[in-house]
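The structure under discussion is supplied below as structure tokens; questions concerning it will follow.
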Amino acid sequence: MRLSGLLRRPLVLASLCVIFGIVVVAMIGPWIAPWDPLALDQNNVNQGSSSAHLLGTDEFGRDILSRLLVGIRPTVVVALVSTTIAALLGTALGIVGGYGNRTVGFFIMRGVDIMLSFPAILLALLAVGFWQSGVLSLSIVIGIIFIPQFARVAQSATLQVLGQEFVEAEHAMGARYTRVIFRAILPNILAPLVVQATLTIAAAILLESGLSFLGLGIVPPEPSWGQMIGTARGYMSQNPMYVVWPSLCLAMTVLAVNILGDALRDHLDPRLRNA
Amino acid sequence: MAGHDVLKIEDLSISFRTEGTLRSAIRNASLTLRSGEILGLVGESGSGKTILSLAAMGLLPPNAMVTGGRVMFEGTDLLRAGASALRRLRGKRISMIFQDPMASLDPIFTCGDQIVEAILLHEKLGRRGATARALALLEKVRMPDPPRIMGSYPHELSGGQCQRVMIAMAVACNPDVIIADEPTTALDVTVQKQVLTLLRELNAEIGAAVLLITHDLGVIHEVADRVAVIYHGDMMEEARTAQIFSAPKSAYTRALIASMPSMSPPRTRLPVIERDAKGEIVSVVKPSATVRAAPAVTGGATLLELRGLTKTYTLQATPLSAGREVRAVDDVSLAIPARSTLGLVGESGCGKSTLSRLVMRLIEPDSGDILIEGQNLAGLDVAAMRQARRDMALVFQNPYGSLNPRETVRDLIAAPVDIHRGGKDRDAIVARLLDAVGLPKEAAGKYPHEFSGGQRQRIVIARALALQPRLVICDEAVSALDVSVQAQVLNLLHDLQAEFDLTYLFISHDMSVVRHVSDSIAVMQKGRIVESGPAEEVFERPRNPYTRTLLDAVPQVGTMQPAAAEA
Amino acid sequence: MQNIGAFGFAIGSRLVTAIVQLWVIATLVFSLMYIMPGDPVLMLLGPDSNPTPEAIAATRAQLGLDQPVLSQYVKWLGGAMQGNLGTSLDGYPVAQYIGNGVFKTLELAFAAILVASLIGVPLGIAAALNRGRFLDGLLTSVATLGISVPVYILGSLLILGLSLKLGWLPASGYTNMSRSVAMHFEKLILPAITLGFGLAASIARMTRSSMLEILGKDFVRSLRARGMSERRIVWRHVLRNAAIPIVTIIGLQLGNLMGGTVLVEALFNWPGLSTLLVTAVSNRNYPLVQGAILTIAALFILINLCVDLFYTLLDPRIRRKRA
Amino acid sequence: EGSLWFGLSAEPSSLDTVVQPGTAARTVKLAIHRGLVNYGIDGKISPELAESYEISEDARTYTFHLRDAKFHDGSPVTAADVKATFEHILDPNGKAAFRNELSIIDAVETPDDKTVVLKLSTPSVALIGYLALPESVIVPAAWLAENKDNPTATPIGAGPFTFGEWTRGQEIVLEKFDDYYKEGKPALDEIHFVFYGDENTRVNALKSGDVDIIDYVPAKDAEALKAGPGTELISTYGPFMGLQFNTKFEPFSKPEVRQAIAYAVDRSAIINTAFNGIGAPIWGLAIPEGYMGYSEAKKDYFSHDIEKARELMAKAGYPDGFEARLLASSQYSFHQNTAVAVQSELAKIGIRLTLDLPDWATRMSKAGNADYDFAVLGSLGEIADPDWLTNYYYGGDKLVRTNNSPYFDDPEINGLLDKGRATVDPVARAEVYDQFVDRALELSPIVYFMWRQQDYAVREGVTGFTNLPGFLTFQSGYSLENTKVED
């Protein structure tokens, strides 16, 4: 298998392990958490690490480790669902915007402009008005917020690919638009899209914490990483490690995703494969 | 005349890393380049000529590995020299003309910028001086309207124009060594002559040494002092030109000379080089696999008819600068009978590629009709056009550019099958085509960048022939092929024509090839057809002065060296 | 001349489209705000103060909020078409608020993008040139940190270190240039760095990827063959060829900075449009929200237009496709 | 001497004197304006533009004697200005926040330039408290005539500072008023009110010296700012936290359930988690010590007693608890955190809560529509007079208000509140409020948890700023006239 070459790189392997671990914890988190992630302990708030609470406690005396473990699931769901929505729809819009009929493309991209300039906060507020706040509606809102970014990245890359002769060659063979898109354009614009996707994953998780103050998001007291980071901000002077742990988890995850993204990106480029 | 040794390649061995294994590409090659001489390097397509010359520049692709040997230039080993030392040599002392001119120019700078930059890298002339020199150089390579070329981007130039830009850059700083990798593939014979003269002059004036890689034995014969022959990564022999042609030592060389198209009468099968039962390399004429007789040229229905086709480009150096109109195709009318081959020859930049794109409607004509069996393509909608393209194929002049870098050769060749037949029998078809164009089966799993120039060209040809379309437009389709592979491909085209009633529009600057394949000829100059008619007539009794000039400029080898044919 | 005309026409048509776009946005925002929960009058009168129903009704009438939505909309649109963005609920012209915020926002945005590009592009290039090696991994990790560390953590650290501990830079606020130029720029440094760092990471990632794409092209080899220095090849040729995705992402970020820097503006008390917008939203100050969004959208559209023009400058082949 | 940089927690949405958009606006207003009387730094009524005043025996006539004071435009403060101001406040189509409370003023008489007589329709001793509010400050009649409906007019008052400039979104600058009627005041030349919406940023700004004083010190930073160095904390217990219940339907229409909740919630759980351990528990009514109605005996009416709570729940018919929606807001972390703590506490008696945590505006409009089961309440009394209770407990014709328990309407309580207001004799009056307290605890339409510490923090060298005691903390802007900055 071609992919086996990827696995031989230690960093890539390590990243795969991290991702695998995260997926596993997302499934079994509640069972391996040492404490009830919701249990308050008013006498032990904002404690540092101890043998009882490995990573210390938060402002309610809740065990940070347990909250991290349980918080993975909503975090992963939000990150994945929103990035998938944004990537699929955004890329589709971008490619059609770049490759489609001139009028159609023009209107799509101007529509994307509109979406882009529509502040996230309003969209989020609106969503709160319409939907129950929760993981799924949050993921959808965040996904929608990131669609136009993908669209613009995809469109610009498409424009660039269209200038090349092999696209002309496809046309000369009588290829249908779908074929041109999937065989000629998509593989050749995948590199920036992969990068954009890895960026979006991190941004989605952080945005989740940003939106929680509007009441959109994971409803407290349920934990999620973004929300923990957002809350911990207020306690940075008292309990500095409170913000460090979830940020570290996030950074680890994003790093793993990025390394995999890079590896995938390089792997997709045949010229780099054996170099 | 022979000067001192400037560039010495000693015992050079190069391998490629592919999928974890090492594949040897060049084995123990040695070559010596002396000042003031032209050393011809000939060999089969894919034999390692380009790799050898890249090694000499220290520019091997990242997956190539030098497994042994040295490349000595003035006492330094270029393979081990530091980056800054190399930088000072490159361009100034050693320069290279790359095989694929389109891919070798930066697409987003105007040609003028690029030439001027190349000059300023090594000479303190100032912008104005450099621009003047650039214009002079373009003049020297017989470029029409140099100021316009200076302001054009590479994609706005014809293949031959790009090639000449490359040549201009390579000779700009009067280097001691010029490595010219197929420098004239896209040039018509008159310009080719001019370019060769330019190289010769550099030879004489400043004692430059030229390594001339070409498959065109006529060119070798005319300009090379010595010739080296490479076959499958092994140097076969090295001798003075006359000697090679009169008394070739290695079997391969003998076979090579025997396979030249000019050796054979027009519209017959050409000899190809093979190993016979005993493993000897020989030149043989293999009979066609098909039984049908050669087509009758006359009396057939007209397949393609062009009426008053016109195309004008607008050139703009920046979005704000004033536009200039270039009439690339000017009121062209042509007719090609079914089952016949029309050879289209003409000056480089006269509009041949534009014409072929127009026929495919890859660009929209300003006016005129394109009739295929009476159906006017110019009026078709997208869906109908898509359907019509099933029966047409275009072999692009620039093979690398027309290959999607992210698809394997299998997918590339099978593309028409996938498009029009839902991928039916694709693997079998790919295997057959690969074999027909002389590529190994393993090639199917590789990507375009892993191939030599000639190999890429064959991939494109294979793709064009995948569905046996009614009309095949070959835009310089065999220009990068050595005579043997060229023969194989031409034979294939011939056989297919006989078997499936194909019609060819064959664009080439190689008169002997054109002569060989064409039933009728059209001669183009400055966007217009200046002469057309049956092949013999045009070749024997050219009426137009430009046609005559063209024919006169053809390098003659076959007629001068009748002895070679007997070998 | 004729081409300048054509170019002008292209821009002109984009500008006309922009007006339509703004109208669409305005209409969307307008309708959205009437679906959103929350009462502007209550927020204006101070929700804690138990305003009497009469006071509420009187205020509503005074602000014209008691009229049918459609007539409010028509009235607003009429004003907007004459360049009058209306009156904020507190009586001040919306334009005055916007005028105060917009330059501060632009200033911070451009400073941040400058920082980001100055860090991100070289990092991305270095990573691409060292692909698969230690430096690549290191830079990837740094970039990842930049992406995943929330701005306020970085910002807080910077404030803690550079401002509170060392006292080198002011912690927050905005000083008008007229009061003190030095102070003005001192106060710009920290927020620009804070914003820029995270953006730099994205730019670096995109630069790396895009550079790799181009570095594999044949023309790079011929540039080398001409004896060009690596630096020149990379900065002049490869980077220019790789620029489109990078410019795209920079354009996106710049656009986002128009209205999406709430956290940093809060952290450094930078009185920009984001804060204005968020405050206006939380007070349900609809005319102000309307005006702020329109301004942000207009800036965004302008940026996108510039980016699109940039594409055609960067790649002549795109120009041909669109011409 | 010099200028004071004041880090204000919000930008005033309006400086219109008669509306009450929040603390920030009050702070600025009290620097610009003065009323006939105001609350002084000791929390007592301090005569300001009125040199002295008398309240008649029947509590129906208030007579004010004006001093020689000047407005910022140089004109003297006259009875006519006072009359115009009150007419403006009482305008039925106006926006005055306290029109309701002041509407008992029947007539404003001006026997001469320096005398103002207020005639009331019903007796009230509480009126003087409302007259001391920043919303009752006096503005020039001429200015009013011109600018009544112009919200952007430059404010003119008779206070210690004149309005300088308001850079929208950034700061308000005030300048010293040289003709202020108090000799030698104010000490400052100018005040910059810089808007610092973010609490952490506000604290940092103080620490780094960008500002000299900040309001709304977050609980988590109080300790550090108190310890210094270089900073000082000025604190008081002002606002309280509690719960308001929608009494329209079960279960919260049952007093037993409300009482059960009062027993079930461990106050320290809220203080320790949501308020970082800072605050004082309330086990009875939120009446500050020293205020009328405060009772040592009833102070600990409730206790943390789960058993008792369960009993009450059973008695109300909910032995197994119930499910309910608790409204709070995610915009203010102490509201959200209180909700989380309450959720956890009430789980112990089987009340399963869903938290509804929208942004503040939504929270307020939900409160205005009684669109909740019960809600986290964080507020305070407007005046130091016990009549502040009216706002929280009175029934009457407007049963849904921001700060009451919707639909709570008890005739007995209504009667007591009416009586208390009209009783001039302090002893008799105290009696009335004692009865009120008994009834209020019994019905517990509002359950209180704690006193919130309300802090200002200043840099070393800033003196003379006073955090007004108790409910008056948000009127501390008054003391800016005494504030000085060293260096």
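To keep things simple, chains are lettered A, B, C and D as they appear, and every chain counts its residues starting from 1.
Quick note on the criterion: a residue touches a chain if its C-beta (ideal position, glycine included) is under 8 Å from a C-beta of that chain, and two chains touch if they have at least 3 such contacts.
In UniProt terms the chains read A, C = Peptide/nickel transport system permease protein; B = Peptide/nickel transport system ATP-binding protein.
Because the structure is a prediction, the values reported are computed rather than measured.
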item	value
Intersection of the contact lists for chain C and chain D	A
Between A-D and A-C, the pair joined by more C-beta contacts	A-C
Length of the line joining the C-alpha centres of chain A and chain C, rounded to whole Å	21
Length of the line joining the C-alpha centres of chain B and chain D, rounded to whole Å	89
Chain A and chain D, separation of their C-alpha mean positions in angstrom	45
Centre-of-Cα separation between chain C and chain B, whole angstrom	50
Chain A residues counted as touching two or more neighbouring chains	125, 128, 163-164, 233, 236, 269, 271
Multi-chain contact sites of chain C, meaning residues that touch two or more partners	37, 156, 216, 315, 317, 320
Residue list for chain D, restricted to those that touch at least two other chains	200, 331, 358-359, 362
Interchain contacts (touch definition) - all pairs	A-B, A-C, A-D, B-C, C-D
Residues of chain A that touch chain B when the two form their complex	5, 163-166, 168-176, 179, 183-184, 187-188, 268-271, 274-275
Touch list for chain D against partner chain A, complex	199-200, 218, 220-221, 224, 266, 268-269, 272-274, 276-277, 329-331, 333, 336-337, 339-341, 343-344, 354-359, 362
Footprint of chain B on chain C - complex, ascending	1-4, 7, 216-219, 221-230, 237, 240-241, 309, 312-317, 319-320, 323
Contacting residues of chain A [partner chain D, same complex]	38-40, 42-43, 45, 59-61, 125, 128, 212-215, 219-221, 231, 233-238
Of all residues in chain C, those that touch chain D in their complex	37-39, 42-55, 58-59, 62, 89-92, 96-97, 100-101, 156, 159, 163-164, 167, 170-174, 176, 266-269, 271, 275-276, 279, 282-285
